[in-house]
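Note that the chains are named A, B, C and D in the order they appear, and that numbering of residues resets to 1 at the start of each chain.
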Amino acid sequence: MKEYIIEKVKSIFIVLVGISLLSFLLGVVSPGDPAELSLSKYGYSPTPQEIEARRVEMGLDKPIHIQYINWVKNILKGDFGKSFSTKENVTDMIIRKAPVTFKLAMYSIVITSVFGISLGVIAGINKNKPIDNLIKLITNILFSLPTFWLALLFILIFSEKLGILPTSGDGGFKYMIMPAVSLSLITMSTTAMVMRSSMIQEFGKQYYTFAKAKGISKYDLYIKNVLPNAILPVLTILGNFFGSILGGSAVVETIFALSGIGSYAVESVFSKDFPYLQAYVLLTGLAFVLVTSLVDILIIIINPKIRLKGDIYE
Amino acid sequence: MNKILGKLSIIVLIIILLVSIFANIISPYDPNFQDKENRLSGFTQEHKLGTDPLGRDMLSRVIYGGRSSILIGVLATLVSMTIGSGMGIISGYFGGRLDKFITSITNIFQALPQMAFTIAIAGVLGPGIKNLILALVISSWAGFSRIVRAEVLKVKEEPYIEAMVYLGSSDLSIILFHIIPNIMPNIIILLTTRIGRSLLSIAALSFLGLGVQPPNPDWSVMINDARLYYRSYPYLIVVPGFSIFITILSINTLGDYLRDIFDIRSEEII
Amino acid sequence: MGDIIFEDFNVNFETRKQNVKSVRDMNLTIKSHKITGIVGESGCGKSVLSLSILGLLPDYAKTSGNIYYDNKDITALANRVREKYLGREFGYISQNPSESLSPIRKIRKQFYESLDLVEKNKAEIEKKSIEILKELGFEKPLEVLDKYPFQLSGGQQQRVLTGIAISSSPRWIFADEPTKGLDENIKKDSLELFKKLRSFGIDSTLVITHDIDFAKNLCDEVMVMYSGQIVEMGIDVLDNPKHPYTKGFIESMPSKGMKIMEGKTLSPTEDIRGCRFANRCGCKTKRCDLESPKLYNYENSQVRCFLYDKGE
Amino acid sequence: MKIKKSMKLVLLMLIMTLGLTACGTKETPKEEAVEEKQVVLAGRRHLAPGEEDAYYCSSILYVWEPLVRQGENGEPEPALAESWEMSKDGKEWTFNLRKNVKFHDGEDFNADSVIANLDRMKKEVRQSSYYPMDIDSHYPDLKAYEKIDDNTIKLVFNEAKPTQLYRMVNFGSAIYSPKNFNEEGNFNGFAIGTGPFKIKENVKDDFVVIEKNEDYWGEKAKVEEIKIKNIPDVDTRYAALKAGEIHGTLDLDSLTPALAEELKKDDKFDLATAKSTIVKFLVLNGSKAPFDDVRLKQAVSMALDRQDIVDTVYFGYAEPTTNLLNYSTPFYKEIKVNENMEEAKKLANEVLKGERVSVDYYISGADVTQKTEAEMIAPLLAEIGIDVNIKPMEVSAMREEMKAGNYGIGRERQGLSNGEPSTIFGRFMLTSGDHNQNYSLGYSNEKVNELMEKASKESDVKKLGEIYDEIQLISTETLPVIPLFNDMNIMGHTKDLKNYKAQIYGLDLPNIEWAK
């Protein structure tokens, strides 16, 4: 157990260093002189002296590895630098925008989990029966739908034609339904597929046959015996999804006018606001690592074999 | 059921491919030709799928509209596959430090949410087909590596491989003649699903303006262009959207079908 | 009443590439109020046979023919009805005790579930389970109930399985390879355990095993299965083997000198006209290749071999 | 771990839902706060950028007021200045300020407050999302300003400034409470003006709430509170209007013409239109080949079919023009649009000598109409031998490229900050003009430089008008940029609101009221 934790912490550390390096490199390979970009405003071009002074101020005259170390140091202090386009602190922007994205991601992951798991369980129990085929068909269809297209169709149908859901902005539950649903369809159908095959895999195990032979009710058999076992791999995937939803919200945020971190990431691409882009990549990566690590811990808590015996690899 | 759908999807894909390849022969009009007399015509004899606000023939644009996306999707996925599988094979087969090193790198790339990372890379590199492919490859090769590595580890444990190592066969020949053929089905299925996913990513990027650039007709770009008009003329987004959807659905169905043929459990691939 | 009768029963496992015929034209009566053993090497179809009585075959298995129980063809019953037999009529002790319990649930829950079929009162359930566990040799039943399966040894796990299987007082117990993977000492315990079943009021037992000594010591009647067919059955089959396969099989046992039989078992996918053991048989005649032997009565056994065909 | 497994799952779900409802409960009061009285409008940008902006918020919020405001036909009208007087030589302007006017913070409005604001403006050029706050552009050649008495101030110029009033309208003479900014001139909180509305809440990038100023000196606002949301995407904005989330749209590009057409079909909604101060145009990189030759610029202008674009992309909500000057000012001169493909081909051929050139054509990625427009223009340019690569970009990135001269064609637009045209002429047509340089127009015309010099000394408005007419004619001939259209403001609103009147810039916010 102890070794496992050490190993895990070590690998998380490497990943963190890695993603920080990658996000740093994004800034390095980005076109244009950061010093100049950070100074220039529309209608105003900085003088070479100003640019040179800013270069020194930003530490751009130092060797690249020193720059990286300073960059990381600043980030640890919560300083991601200033946005090239709004001249605002990137940290402030993120703090302002992140809750919207986080909320969206929460709704999406709930939809993903509730519907994904339910559909997967139903399909798994009814393997190869019509209902399974139906669910498979539905998930396959949902899995193949481009999010943005669906989002536009949603707006067309639910907001404009039927007028039952608001189209944009963030004003509470009703506002989140369409964005969250559009954002969760792919993850939901994947969850359903994984849940289904995980159930089926459990059906091949001895304990399932034995439990079934006990003559217990379907509910006891599937929900109490099989589901807790089958759900473990699904939890890992859900953890992954939460991270990828956080980082994949750009399209949906743009269409539904949610001022989250994703929609601005798209803007920042157009406006060459690289400090923001770096922070965006780094933070979504961090969130991913954090959530997946939490899920790992959750699984340890749920699985008594690991919890009590420290037996990770079975 | 699966069999029928699987075969159907192959037929559909072949049709889509042929249509895309021979677009210039098949399409009734030049996709950029503006028929000023017939703008937003709706479905007519002359324009089977109507025209767009500039009077360009929707059918022709749809016929051309898959070209760039499919080409980029297939190319990007092939390159990712080559790099990813290569890394996976090296990592899984040789093990040891090399494995640890490659696995660490894979973990790093996997930790960055793909969409966010792709947007960022596409943003830094600037729009354009070459950069789009590069962005997709950078953000998706690691997925291949991880899965291929796992498969290689499984194959490596087969007794006959162990025996070959013992008998002194060269690593290269073992990899080329035994490991790769063994994991090929997995790679093919993986390739199929990933092409589907790349297409979705490309569509999203193009929609955001980071992908295929005008005036190339492209399904996603067509949807974005139609945003001013689609309320009165829903076909403007329905037609191209449906094309993307059918293409990806067929690819995914094909993936499922292949999985059945090769008898490989799906969760290994996802 | 209570006998299990197979009539022209077949089990096929159809996959895309091949058709595995696991049980072939089974015509057989397993009598109640007895401990019956089915012995045979792995892959001969013995486990499949027991699972097909229980109706627990995987869904890609295709069956034909009938199985009668209490004069009812249970294969013709709807799944819903047939499942009612489980626990109440048929108890099952599966192989690999260590994998037969859900790894992340405590014994208590897995135990109570089963008792729940016959007893609704919670206090009664607890009392009864403690009773059973004590009877099965657990000194501290309460502690056992609060443990997870992996915290028990193999022998303990098997006793728990047995306890669960008998707790709902079925008429029959089917035990699949109860000694597989157990070491010699525990095997002895296991033998005692199964002998004890009668004291729980369960006198009809079918034991599937490849362990000849175990079967010999436990069973009232033994059936030897080979390649999907019963090749020999009777009350003293193991002491007095007649079929060439039975003889070979006994000689291959570690306790009997581990003389490995020559040749390979015919693949279950292969259909042939003659005797399915002929390719390995030392006493093979021309007839063996041309005709499939039936079960012939000989002394107090029935043997599927032309050597014992007295032309009745 | 005594908790049952199933319980644990339920628990997990519960925690998730709780987390959500926790977010949810925070919002509920916000939703309840939307009383029936509150009018909700939306525009494409946040209309109160806040303390970093020179003006804090746009004039269309009616929070601050200018000394002189722009009337319906572009003429200057009294606002905080009740009346004014120009000296005979045109060098001195005296303004009589309105009495009994108070700022939102209770401070009196008087000559001192005007002086404080002029001081602030003089300190430095302040950046804004609207117009840079630059004293030299609103008060060129200003020599001095002084307080005559509590309600009178005087401006003294080095040259005659007969059109000074035009330069001072709206953004040109915004007045804030002197306590509203610190010594450096930076805002220290919400903008405090004298207008019929005051700011109640401002959430950056999201929305701004303004409420009725009960102590307003003039006719008070008709509604209690207005929330103005920032919905950048026009499509979503439109959908929000249709779905009843907002009551109306405002600001530039509040609705695209296509959507306006769409809205017309629904009798629950109405449109409000007005001339806008915006001219949309193509900028051609005149600093290098091929557009350093004026003939090719002329060819481009003549090759276009502006009316066709207006009809297709703008559904008639625009007016073709080749005049750099916008039609909202009284100085605007109607000049016939000259389009002729044959002529265009001829001119282009003279320059290109039968060769084809390929250039980048930058458009704003955020504006969907620009792409369609560009796709209509591209084949026309191809006819005269210019192949274009359409590249959507973000506006500021695009302007950087333009400034560096790395482009062929760009799509731009320009608003008229006031009715006085010389600013616009100067920026585009003077050799030293900032747009001339920022867009790499490479435009230099001695005649224009002379005329501008002459205009700056002219004290007679009529004669000045003649000079401006001449410059407009020169601009259509020599094309510093290729004007496309004069734009229109189109706003949509529900019929629950009445008196929703569009203005040259903005909307008559204080007069809108509930219909029932």
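Worth a mention:
Everything that follows uses one rule, which is that a residue touches a chain if its C-beta (ideal position, glycine included) is under 8 Å from a C-beta of that chain, and two chains touch if they have at least 3 such contacts.
This is a predicted model, so every value here is computed, not measured.
Of all chains, the one whose CA centroid is most distant from that of chain D is C.
Chain A has the Cα centre that lies closest to the mean of all protein Cα atoms in view. The largest tally of C-beta contacts between two chains is found for A-B.
Averaged C-alpha coordinates put the centre of chain B at 44 Å from the centre of chain D. Chain D has its Cα centroid 87 Å from the Cα centroid of chain C.
Inter-chain spacing, taken between the CA centroids of chain A and chain D, is 39 Å. Inter-chain spacing, taken between the CA centroids of chain A and chain C, is 51 Å.
Among all residues of chain D, those that touch two or more other chains are 5, 235, 365.
Contact with two or more other chains is made by residues 104-105, 109 of chain C.
For chain B, residues that reach two or more other chains under the stated contact definition are 209, 227, 231. Per the touch definition, chain A reaches chain D in the complex via residues 40-45, 85, 87-88, 96, 103, 106-107, 109-110, 113-114, 155, 159-160, 163, 165-173, 223-224, 227-228, 231, 254-257, 259, 267, 269-272, 298, 301-302, 304, 307.
Taken together, the chain B residues at the contact with chain D in this complex read 32, 34, 36, 39, 53-54, 127, 209, 213-215, 224-225, 227-229, 231-232.
Of all residues in chain D, those touching chain B in their complex are 235, 256, 258-259, 262, 265, 308, 312-313, 365, 368-369, 371-372, 374-376, 378-379, 389-392. Interface residues of chain B facing chain A in the complex, by the touch rule stated above, are 1, 104-105, 107-109, 111-117, 119-126, 196, 200, 203-204, 207-210, 220, 223, 227, 230-231, 234, 237, 241, 244-245, 248-249, 251-253, 256, 265-267, 270. Across the complex, chain A meets chain C through its residues 127-128, 203-207, 209-216, 220, 224-226, 228-229, 302-305, 308-309, 311.
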